[in-house]
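Lettered A, B, C and D in written order, each chain numbered from 1.
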Amino acid sequence: MKHTSLREECCEANIALPRSGLVDLTFGNVSVFDPAAGLFAIKPSGVPYDALKPADIVLVDLEGKVVAGDLKPSSDTPTHRRLFRAFGDKGVRSIVHTHSRCAVAFAQAARELPCLGTTHADHFHGGVPVTRPMTPGEIQGDYEWATGGVIVECFAQTDPLSIPAVLVRGHGPFAWNVSAVKALESAQALEICADMALKTLALDPAAAPLDACLLDKHFLRKHGATAYYGQ
Amino acid sequence: MKHTSLREECCEANIALPRSGLVDLTFGNVSVFDPAAGLFAIKPSGVPYDALKPADIVLVDLEGKVVAGDLKPSSDTPTHRRLFRAFGDKGVRSIVHTHSRCAVAFAQAARELPCLGTTHADHFHGGVPVTRPMTPGEIQGDYEWATGGVIVECFAQTDPLSIPAVLVRGHGPFAWNVSAVKALESAQALEICADMALKTLALDPAAAPLDACLLDKHFLRKHGATAYYGQ
Amino acid sequence: MKHTSLREECCEANIALPRSGLVDLTFGNVSVFDPAAGLFAIKPSGVPYDALKPADIVLVDLEGKVVAGDLKPSSDTPTHRRLFRAFGDKGVRSIVHTHSRCAVAFAQAARELPCLGTTHADHFHGGVPVTRPMTPGEIQGDYEWATGGVIVECFAQTDPLSIPAVLVRGHGPFAWNVSAVKALESAQALEICADMALKTLALDPAAAPLDACLLDKHFLRKHGATAYYGQ
Amino acid sequence: MKHTSLREECCEANIALPRSGLVDLTFGNVSVFDPAAGLFAIKPSGVPYDALKPADIVLVDLEGKVVAGDLKPSSDTPTHRRLFRAFGDKGVRSIVHTHSRCAVAFAQAARELPCLGTTHADHFHGGVPVTRPMTPGEIQGDYEWATGGVIVECFAQTDPLSIPAVLVRGHGPFAWNVSAVKALESAQALEICADMALKTLALDPAAAPLDACLLDKHFLRKHGATAYYGQ
């Protein structure tokens, strides 16, 4: 089997999805990118999570060609592909898509997830953005590819590893990071912060974002050159 | 045992109900229809889910006559019967009734479940309707049969497989589909979407329904002649 | 061991409490009454639920005298005793006290749990009342006995089996019924209905109570002389 | 191994954290103080909860010097140290830090957790305070030590065992008590009361605090010289 470790990392992360509590029914998938080989591994379409084996994982190159695997790749593959093309040289190696319920609520309300506390600041260096509305042409054309496009637009001025998630308007979250384990952690942190934000805004609809000084302190003590933090 | 596979499908789906998280105490039942035989299988009254065996399942014809089974059919049988009479020739083969909590909240608030996002659009081609208030005559007469009647009224102009669920006002959801497994999935999707909608409306009580173009894209990529989607 | 079956019924119900999801930490207890013997069995104070054995259960008579058991009865014993004195000849044989979270929310908001749907009407023939505020004298005196007193006041004109629960203002729910299993079911139904009501009122703060005709239909098809219902 | 029992108590409590439902991912830690020895045991940084062994636990003295253990102590160690210095002679022997979601919501909304009912009064003799905003100097300097400082300020006039928890503004809860088991119980009670308060305030944003007479009754029947209560 070619690219065994890539497929294993991808397979394990997809199996972990329903156990993480982020995924209902079949609403989610994980991909893992190999920058040296210029291809990524992704969940096949229509296989239940707990039945997945590494050999089921499909390998796709950055032009969208299936290079290994007998099954059809997830229908969301063009979205993942567009993100690896844009974010791959910035260190993003894995993407997790879920319909986790609290993050979806912000996506459906077309509302950025604000940074309301240090749990958020430990993972995201600012609010998690919402994509712009897609045009009828984008929706009726190559929809999943265009979905990747509106995500990439949000990060024109932002390092995708400083805010490793996005809310696709009316749809739900995509998260990413330097490995499948880390990308899954970003997806979990996003859902936890969205839950906390829903409860905070119920107490105070005008709750203020975290002080910028505290945001920097928390994000930077865990990430980057001066990181020192561990619970 | 007559109609073994029908009874087994019905038995398995009823056993799956409490495991799905949709059913508290004894608030739910599943039926499965055999159009060729003109009869359906349904949960017996008063048997705990985990004690059900296929031989306990009751077979009832479309006139309401018990044709096999020693136990009393669920008190909700006339509702199921009326739905199979109206929807059976449109492909509906299984009906799931639950009191799942978020769907009940919309039923109790007498509010259609709006389509606020793509999770909803993946399963329901538009808002999930609420039945009209029942009259005192309907309530005091053949109440369970009349409950089926107000449901059928909601689908006078709608293919029941395009919106495979309804909210009975002040009561709770019924869901259906082409098999027991699919009907249970519709019931789960309904509850998930109702939970997401409650959270979305908490963030924005005036949250707009999903763009019609996006609704069509998501429903039609999973259903019908041009379907191509798989996670 | 005297009154073995009474103690076993009480022990099993107390062990079931944390498994029901109604009880956090040690916030709950169950008692069971034997009208012929004029005494009731109740959880001892300070024993973890899963360590309870029938021999640990304390027997108390209606004058408050411990008649069997080496342990101290629950501090809430005077409340249970007052309820058995008032409700025992109306068929109440078991009382369940919990701090289940949604029911507590209504108790803390000093708000009757309204009957907003048929799930409620299947178990309670009308809204579940809130007790009046207790006086400083009642609080500083024999507080647990007085707690029973304000509950009894709520049922001066009401059959306690037609509405088998109450919300003690600022405190939480007591539920009861003809057996420990049925009392526990009343406590569960109360919490489920309170959760549904919280969600319904979030959608519509002015949600109307269920039509009286539908309330009667649902309660009476499950209870009393003309009952016929089973899921 | 030095201080074996202290390390075991600390290890067990840290392992219990994720099982308590209070901790997502790695958001929490527990410390245990030995007043005679003038040192405390604390979770090491970067070790998963379920892999912890007593030998991994780090011992730190009140000057901040690691006196035993090969691993790095939790980055939150200076906060714990400052609290033991201020509260150690008042009987506080263990501190639990979590990001439990409902307590975090109050911390993020910068809102004291009011005492709305007897569940709260059973554990906290009044509202649970929120710390003041930290200054840029405190944040950019010795941040974790300063976090302890703003907590200590809240208890200038209050016995820390009468209100054994605090909400750090924009961050989350710290709880404490006379042992690790009791401190964990305080952290759980805090989260339960915060959940109940969120639901109560959803029903009535102006819900009144519990009557002072009832607050005293409930707290004092469980704590102090005249305690008599047990469920």
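Simple rule for what comes next: contacts are C-beta pairs under 8 Å (C-beta built on N, C-alpha and C of every residue); 3 or more make two chains touch, one makes a residue touch a chain.
Just so it is clear, the structure is predicted and the values come from calculations on it, not from any experiment.
Looking at chain A and chain D, no chain is in contact with each of them. Where the sister copies chain A and chain B meet, the same residue numbers recur on both sides for under half of the interface positions. Averaging Cα coordinates per chain places chain A and chain C 47 Å apart.
Annotation: 33 Å between the Cα-based centres of chain C and chain D. In chain C, the residues that touch at least two other chains are 202. If touching chains are joined by edges, the resulting network of the protein chains shown is one closed cycle, each chain touching exactly two neighbours.
Note for the complex: chain C touches chain D at residues 24-29, 43, 45-46, 72, 74-76, 99, 101-102, 104-111, 133-134, 136, 139-140, 143, 170-172, 198, 201-202. Contact residues on chain C toward chain B in their complex (touch as defined above): 116-119, 185, 188-189, 192, 195-197, 199-200, 202-204, 207, 210-211, 213-214, 217, 221, 228-231.
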